[in-house]
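For clarity, chains are labelled A, B, C, D and E in written order, and residue numbers in each chain start from 1.
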């Protein structure tokens, strides 16, 4: 009676909360383990059939779909919340009020490795000081999403930055260095607002928008708003404990997402998810692309169309 | 006459003599030997577990590394100046991790070797019996603290302190991790060196004092040279520890693949790379999975060199007294 | 001896003695750096962690609410993993040491084993993690279980146990062995009746030191992939599952997923909410207390038990 | 050089006899062709300068050298009446040691209780019956003239006894198993004069039931305790004969030189 | 019991003198009120059974006991002609040891070259001039009758010499610094007869320039090498006198018993 869950560290706080409450209501009869391997790592295990549920902070990719297919593994895709991937700087940083996607690209693209090492090189208005970079580890969905959104290609990034699967390492690093810039899930920023400053990002419409629940909901925080998911192995759902867990999760995600500082989806999204499950609507609505800039509404329409 | 032994034929005072008696004894010996051989074989198996462990390590590391080097030319591995194995544009320059490993070890050893040696000399030649017996165990406690705790100590206590002195210092840096690692290694160096100095016979020390030496002269001119092989072994163990230390670096040194020997920067080491990847998934069979084994193999070879050097030193200079 | 020569000698002695003072001062300084660090570490942890230390902290599972989170699954996990480690490493280590010290003939096989043990003692723990990952997890398919962790740590401390046991055996004077043989004892009797007994204090110290190292090991455990949220205990033998009505087998717990103290600490320190860091400090304080008390026991044993064994 | 061996007029029964005994420590030949009788219930003393091979010879009798690699015997030591060659490779050294006990230079009690020390040889021989053990331990301790001193503290650690008591305890340990021969290797050299006297007296008593071979560097001691004396030099047996003869009218110049203290 | 001290008719000049010397190992009183003269350029032998305090007494002369905690002197040892009390707490033990050298029971050369061993004492005394060092080392090695054996390999490790050579090297080391007294603690007990003879001869030679105190358990040796002999027993000085007198006509029964080997 073990429900095995692994994957995204971004999704982890929600899953953990659900798992905790679920185990309490089941009085220990069902055990839930939640690993933190990152979205990519989670999918690798998932597609080998080692886990029942995979947490993901981006949609499943074509390669992962192929792996799953090869292993005969089918899955349900259930969005559970929205996150604002947040670009953060040190609060003492006086020269940055906002940043454009182009500037972010100049800093983070693979070609910048070893070349773009000072702020001045990105924008002459900025000081002649070194840039210190902090980002998510290579197995994480956050990394995939950020590289796709900023550099236009998943996993395309410069390599000379402090990379960690452990977002708190990044919080530490950025909070102790004026010249630092980095990115991670909103929740980590929300818990550390005293130590960090979230940088408004200029959206395609040309507005500089800071990450927040409202800006995610109204779709103005672009392109770094992203849905987060769980993927459930179709075979596992036959096991009563997994089914029970997923149902429990769908009912309680909204509450827990809010509690751990994520943006919950409209209630309809969760019932829709349950419906898919009951009707056996398997597969993804993203077609294996790491799409950026999908708004909540868009997601809802796509899900409804599955 | 003698009490009958439990399973041997009665000895003296028995009817048999000469040849017949000898034949009887030969049989008894054989029976006993068989039992002892069995015990010996079991003990031998236990002793071989260590060899099996090594073989296991080598097998696993080499097996995965072979597939790794099938994909990555060994020349690139040794000469590339970038380390981005899991990125879209993958580079596999082990030098980058090596540089982190070396600079962090160097910082640690700059702390541990001088301090460890001087502590060993002090404890063995200067301190009284009571002082030694209380301080040495206390010092050894330093090596009992889990290293992950040192890691957070370095990150949250030492780095901010250092930043007061060097405002330039980044939040993650080799210096702070190395210093703390050095303190952690002190007991290994001090304790083993002290043991080696203790083992120098008192007669040698008395010889030196009888010539009119001071404590310092006795320690430096007679005891330390006599204990040289033991002290060298202690240093080598210290080096192995520094090179292989993982959590302190993973937590406090930044995990940033950075080809530099400057301790004021943050860097990734072989070990911190391995845990970093292990913290994510270990996609069995992928190049990422094999990369950590290739890195592990490099690390293993590095420590093996040091350990063999240590073994050789011990053999060569054993018991100079 | 004339006065002039005396004065000259005194001058030389005075000069030489200056170094004595210098080394003594440096030695005490170096020692205090070490001890000061230990104290700072301890006090720092205590100050942040102690407010969280109450009974619930030990009886609660980890939770997303920092105030309710506890270390139940991790301390139980640590205890179970340590038991496996001890059960494997102690007999193997003692037997191996006895072979090397008492039975082995001087030949290349023994040489290989010896070099190998010295070398293993210097192999970084993360490499053991890789061994465990490649061998136990993937080849033997033991999974990320208590058994895997216990075996890994057992291999890790095996050289420590062997070396300590050999030291202890070596410190038994040869004349004791000769006395026993002269009484007509066989080799195994000598080992059984005498050597193992007289070596016990040394062996125990070695085992405890090895265990106190193993209990704090993080890297190899992370490597086998055990960084997981675990809010349940491994099945106790015979424990009923309410839903299925099946009783757990005697050794089921060996295959159970688990977490251990250092992993829990690592996990908490990587949380965004700073209140988790207090939990981490409290858990670290408990862990350090555990290792320190193990070390203290080792030291105490060294003094106590040796009292009855003198030659 | 052949040894000068003077057998007594009416030789007592033979207990053991070494024949052409050579001994090697690796390449070093420490004993060279030793032929020597050991008579039943007599004390034979081995004397000679340091390093002449006394201990080496003694330790051949109970195959003590078997414990070390590279030590090699050549020749034989026959034990009577059953004519077993204790050095023969088919003979189990443990069997030999069960018949021939040894007392060492430095008292070497086990770090166990007094009782356990004396009972050890019996336990090795499989004796488990507590009352038999108790009886034999008592008898051995009485035989070693130490019963009165320790009877009230048989469970105390043996190492807490004084040196002389420890040595007598070791003798009791050796006596407890009723050996046929007891070997003593300088048993008093670590003891004070009073303890030495006690041990010498003891040797005089136990020889009524057991043959004794004793190594000593003290010629007066040899003269006092032994019936026969062997003088060894550089691994050879120089002279063997009745103690009185050896000390009063040695046949060889070398023996005389040694005895009168001209070297050593 | 007061000691029986027989001073010679025409006493040679005094080199040192112990007065009411008590010595304690912690609570154990190992020396009891020892009064004894040491004469200039004479050899004084200390004999007595094991544990009587010979070594303890000898090691008072160069304050060797200062190295260990809990060891305590009481009384004085005066050094002549300047009448310094070497035991006085204001006297630096290092200074004492620079005047009084010691040779130990087991040869204890430093793990350095032969040259460095002998030059060690000179270097400690601040001598840096290479040619002075070479001259003095040569002289000392000649004085210790080992020059011919080692002159071609002064840079070899001293530990590779044979036991007897090592002991002579230690004597050279002690001689090199021109000490006023040399203390020998059973210097030949670990050596073979030939090496022993060489060392004894050496002692006879060096006494022309230095006073010698020698502990030996070998009475023949004491008789051969010494001018004066002191017999100690249980921490007390029993008898002191010229060697011939002590061995031929000891004044005390205890001395006679010991010398004739009635115990020990």
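Just so we're on the same page, a contact is a pair of C-beta atoms (placed from the backbone, for glycine too) under 8 Å apart; a residue touches a chain by one contact, two chains touch by 3 or more.
Model, not experiment: these values are computed from the prediction.
Chemist: In contact with subunit B and with subunit E at once: which chains are those? Just list them.
Modeler: A chain counts here if it touches both subunit B and subunit E, which gives C, D.
Chemist: Could you tell me the least number of steps, going only between chains that touch, from subunit A to subunit E?
Modeler: 2
Chemist: Looking only at C-beta pair counts, which chain-chain interface has the most contacts?
Modeler: Looking at every pair of chains, the most contacts join B-C.
Chemist: From the centre of subunit D, which chain's CA centre is farthest?
Modeler: A
Chemist: So the centre of each chain is just the mean of its C-alpha atoms; given that, what is the distance between subunit C and subunit E in Å?
Modeler: 51
Chemist: Centroid from C-alpha atoms only, then distance subunit A to subunit D, rounded to Å. What do you get?
Modeler: 86
Chemist: For subunit D and subunit E, let me know how many angstrom lie between their CA-based centres, rounded off.
Modeler: Measuring from centre to centre gives 36 Å for this pair.
Chemist: Between subunit A and subunit C, what is the gap in Å from one C-alpha centre to the other?
Modeler: The computed centroid separation for subunit A versus subunit C comes out at 39 Å.
Chemist: Quick check on subunit D: which residues sit in contact with 2+ other chains?
Modeler: Where subunit D meets two or more other chains at a single residue, that happens at 94, 98, 125, 177.
Chemist: Residue numbers in subunit B touching 2 or more other chains?
Modeler: Residues 5, 32, 212-214, 217, 251, 279, 281-282, 284 of subunit B each touch two or more of the other chains.
Chemist: Using the touch rule from the top of the page, what residues of subunit A touch 2 or more other chains?
Modeler: Correct list: 6, 36-37, 166, 169.
Chemist: Mind giving me all the chain pairs that touch?
Modeler: After working through each pair, the chains in contact turn out to be A-B, A-C, B-C, B-D, B-E, C-D, C-E, D-E.
Chemist: Give every residue of subunit A touching subunit C within the complex, in rising order.
Modeler: Residues 1-2, 6, 12-13, 15-17, 19-20, 23, 27-37, 166-169, 171, 187-188, 190-192, 241, 256, 259-260 of subunit A touch subunit C in their complex.
Chemist: Which residues of subunit A touch subunit B once you look at their complex with the stated criterion?
Modeler: By the definition above, subunit A touches subunit B via 6, 36-38, 40-42, 44-45, 48, 110, 113, 132, 137-140, 147, 153-157, 159-166, 169, 172-177, 180.
Chemist: Which part of subunit B faces subunit A closely enough to touch in the complex?
Modeler: Subunit B reaches subunit A through residues 82-89, 91, 155, 159-160, 163, 170-172, 251, 254-258, 266, 276-277, 279-284, 286, 288.
Chemist: Enumerate the contact residues on subunit C facing subunit A in the complex.
Modeler: 61-64, 225, 227-232, 241-244, 257, 269-274
Chemist: Using the touch rule from the top, collect the residues of subunit B that touch subunit C in their complex.
Modeler: 5, 32, 35-36, 39-40, 42-44, 46-51, 53-54, 56-57, 60-61, 63-64, 114-116, 118-119, 121-123, 126-127, 135, 137-150, 152-153, 156-157, 180, 183, 186-187, 190, 212-217, 219, 236-237, 240-241, 243-247, 250-251, 271, 274-275, 278-279, 281-282, 284, 292-293, 296, 299-300, 303-304, 306-308, 310-311
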